[in-house]
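Below you will find the structure I want to go over with you.
A, B, C and D are the chain letters, set down in written order, and residue numbers restart from 1 in every chain.
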Amino acid sequence: MEEITIHYLERPSLDKPILIEGLPGVGNVGKLAAEHLIDQIDAVKFAEIYSKHFPPQVLVHDDGTIKLVDNEFYYCKRESDLNDLIILVGDYQGLTPDGQYAISQFIIRVAKEFDVQYIYTLGGYGLGRMIEKPKVLGAATDLELVEEMKSIGVTFSRGEPGSGIVGASGLLLGLGKLEGIRCICLMGETSGYFVDPKAAQAVLEVLAKRLNVEIDFTELEDRAKQIDILTSKLRESESMPEPKKEDLGYIG
Amino acid sequence: MEEITIHYLERPSLDKPILIEGLPGVGNVGKLAAEHLIDQIDAVKFAEIYSKHFPPQVLVHDDGTIKLVDNEFYYCKRESDLNDLIILVGDYQGLTPDGQYAISQFIIRVAKEFDVQYIYTLGGYGLGRMIEKPKVLGAATDLELVEEMKSIGVTFSRGEPGSGIVGASGLLLGLGKLEGIRCICLMGETSGYFVDPKAAQAVLEVLAKRLNVEIDFTELEDRAKQIDILTSKLRESESMPEPKKEDLGYIG
Amino acid sequence: MEEITIHYLERPSLDKPILIEGLPGVGNVGKLAAEHLIDQIDAVKFAEIYSKHFPPQVLVHDDGTIKLVDNEFYYCKRESDLNDLIILVGDYQGLTPDGQYAISQFIIRVAKEFDVQYIYTLGGYGLGRMIEKPKVLGAATDLELVEEMKSIGVTFSRGEPGSGIVGASGLLLGLGKLEGIRCICLMGETSGYFVDPKAAQAVLEVLAKRLNVEIDFTELEDRAKQIDILTSKLRESESMPEPKKEDLGYIG
Amino acid sequence: MEEITIHYLERPSLDKPILIEGLPGVGNVGKLAAEHLIDQIDAVKFAEIYSKHFPPQVLVHDDGTIKLVDNEFYYCKRESDLNDLIILVGDYQGLTPDGQYAISQFIIRVAKEFDVQYIYTLGGYGLGRMIEKPKVLGAATDLELVEEMKSIGVTFSRGEPGSGIVGASGLLLGLGKLEGIRCICLMGETSGYFVDPKAAQAVLEVLAKRLNVEIDFTELEDRAKQIDILTSKLRESESMPEPKKEDLGYIG
């Protein structure tokens, strides 16, 4: 096995596609958002990436069959006046720093083969406290994109995220920029304590507006309610402090 | 030294062989089962695998001579209407995730050279509690194999193992599937606290039935009794709680 | 992406240049000193190094745009009787031992391409206690350099640093020596608890004398005062013990 | 820099040389023994090994000059009826398992270039308790060598060392055996708590007898006395229990 291999199930012909990445991370925000997008637009899987930088692990389906852990590309062709879409989801990110670099660089190469015009990376921004109405923070490879994102409600907050953006959501921007691809990272605010469908919805609402996609959020809303019930129970039983008004004021 | 090297003691000519893997892991179930199988069918060692992904270590035999830690292939030729067997055992699995991938891929290449028809990987499924009558859980590369395994008593339990199968027992299935080899993983339920000959026997009973092998289990049974004596002593001295009836009910 | 890549913004023609390294480390002494030097002599960035040995991370500028973490080369041309200068600064050092070797070796190759005559590496020497007047410790690739450094006030203290010099500041000397480049390491004494502008100034004063550079230290002095205020507040609130006279005597 | 590089200071012509390895390890027994041997026979350094598998570190000599951490080969030519000697010492072993393999394999290659007849690896066998009269345990690549070692007082104790031999002292035997070189490991019993000149002397006495080398042990004996004074002081102040008679009986 090579360091990274790609298996094409199909080689779709795509028109000026936009790549959207949503791999596991803080609050699984990016992964939730990208998977919901795939469901909503009936995107079709066309390639699988395997790598020695993923865990040495297979997952077992409910029917007893297995799959090797991977990252997967989906596509969605759209009306001719809209860019086609490629969506990247997966079970894991690379386990090590150099594995992260290798896989992100590989993804950039695939993006260039398909003549990808823009990359959107989706993630969570962990606040370490419960949050009622998550904002969407942004970062981009050029100032024009920053302004465009601001105009659709994305927050650019000086000094945030202070530690930069770690992992695929950051690296695809950094490596994409070196290759001349314009890239945007959208980060939904999240406590980071739980899988966070609410933050995923916030991110996806921004993306849907930008990309002209119709999305029904009922399922994400239902999952968010379940998480809310779970966390309020936990708060009662463990007497986790109710988030303060002031905190919520800052957030809202 | 290459990343991985193989030393052939002999290059047997094998007829449609089946590969059985039993490397160290949870409860050493796979290793115990595979080594007992080797003993019972008088399998013959024909190759040794060395790798920088194993610990930098030699073992010292009772006579004072040493051996570099390795994985080893054994074979057993059988009557013409039965598949020949290759058995893989060893001192260690690869130490790192990418080492695991490299070694499993290497094993798959060897398997293909010998035109291996099926791979059976043997392992333990750690429950974190004592268990009286271990079941054998399964996973496979296709649905037909799942059904065949069910018909000889293997349990396929939705959502188990929840975290997938980690290490060589999983990876050989994942990588084997990519290469078109049909594979089955058999996991004996075990506490995971001790070397577990009882779980090894459970796994081997299923395998023997499937492969038409005669196996005498006296030795494994004797070792299981010794472990039982040991654990019951530990339970007395450390007042480890007696497993509850309900738990046993669930297991049985 | 290769293991390490360099992007040239410009390929300056430099006359017998001297390379000065100041990467992050103990008290960030080297990084502070080298960055202050760049500011003071208006050095110009001419190359960026990217590597899979750095963290998989982008930094976000105040304007919302990103940069992939890197190491950067600056140059400063000087009057013909003075050596030109190359200054190396960066966000990170290599994360792993072999990453450290790979990056330092890469830097040595770049140095040789530019016919670098001397390398000065700047760092901190952590004492684990507060220090009033930091000395500058030295190490060099040959005895003649040791004597020259002594003559401008650098301390060479038998058995210090006892554990040698770890990281880029050490490795560039070690690898540089193998390639026949004369190298000097200057280490400013520091507590190691805080970013230490005072130690950076001490190092830079020695370097300025040696290289005939005019440097205004107002900014470093201001930052040192801020740190002093901060640490004295901390000392009050946490009743951190006042450094003893005897300790200061030993240092001064 | 390659993964491993060797710098030859000289290429001695050696007659059927024997390689003796003494790198840092438990109680630094092997390193002490090999360095004392070098002193006693006035062996001459002829090569240095550098590797990215060592720490990224330089050591600082008392005169202020530096050296990159390395492993070093020394040689000693002897009368024509005796094998010449090569001695390997160094600052560190490889930091990672695969680094250990790479360096040991490299050493084996050098050994073969010099037509090395035997390899002796020297090390400590940590007992975790103070020891009065250290025995020397052995392991070898063939039974004949085991018998020869027994005849000169080396102990071969069934099941010891139970965990095998880890690091260069083990790996050189394992890899050497694969290359057809006869190898012996000599392990001096040591507490493992301190640098142990007494264990080094025990190992060196066996080796000297075997190789027909005259060795004056005064210096090692002096260092052993210093350690004894140190440990008896520690025992008093920390009321470390006096080793029991029974323990000493077992050892002696």
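Assume a contact is a pair of C-beta atoms (placed from the backbone, for glycine too) under 8 Å apart; a residue touches a chain by one contact, two chains touch by 3 or more.
This one's a predicted model, so the numbers in the text were calculated from it and none came from an experiment.
Chains that touch both chain B and chain D are absent from this assembly. Traced through touching neighbours, the fewest hops from chain A to chain D number 2. Superposition on CA atoms relates chain C and chain D by a rotation of 90 degrees, given as a multiple of 5. Residue numbering at the chain A/chain C interface overlaps only partly, since under half of the positions present are found in both copies. The chain with its Cα centre farthest from the Cα centre of chain A is D.
Chain A and chain B have CA centres that are 38 Å apart. Measuring from the averaged C-alpha position of chain B to that of chain C gives a distance of 54 Å.
Taken residue by residue, chain B touches two or more other chains at no position, since every residue touches fewer. Because contacts link each chain to exactly two others and close back on themselves, their graph is best described as a ring.
Here the touching chains pair up as A-B, A-C, B-D, C-D. Chain A meets chain B in the complex at residues 1, 7, 50, 52-60, 62-69, 95, 99.
By the touch criterion stated above, chain D contacts chain B in their complex at residues 94, 97-98, 100-102, 104-105, 138-143, 146, 149, 156, 158-161, 163-168, 170-171, 173-175, 177-178, 185.
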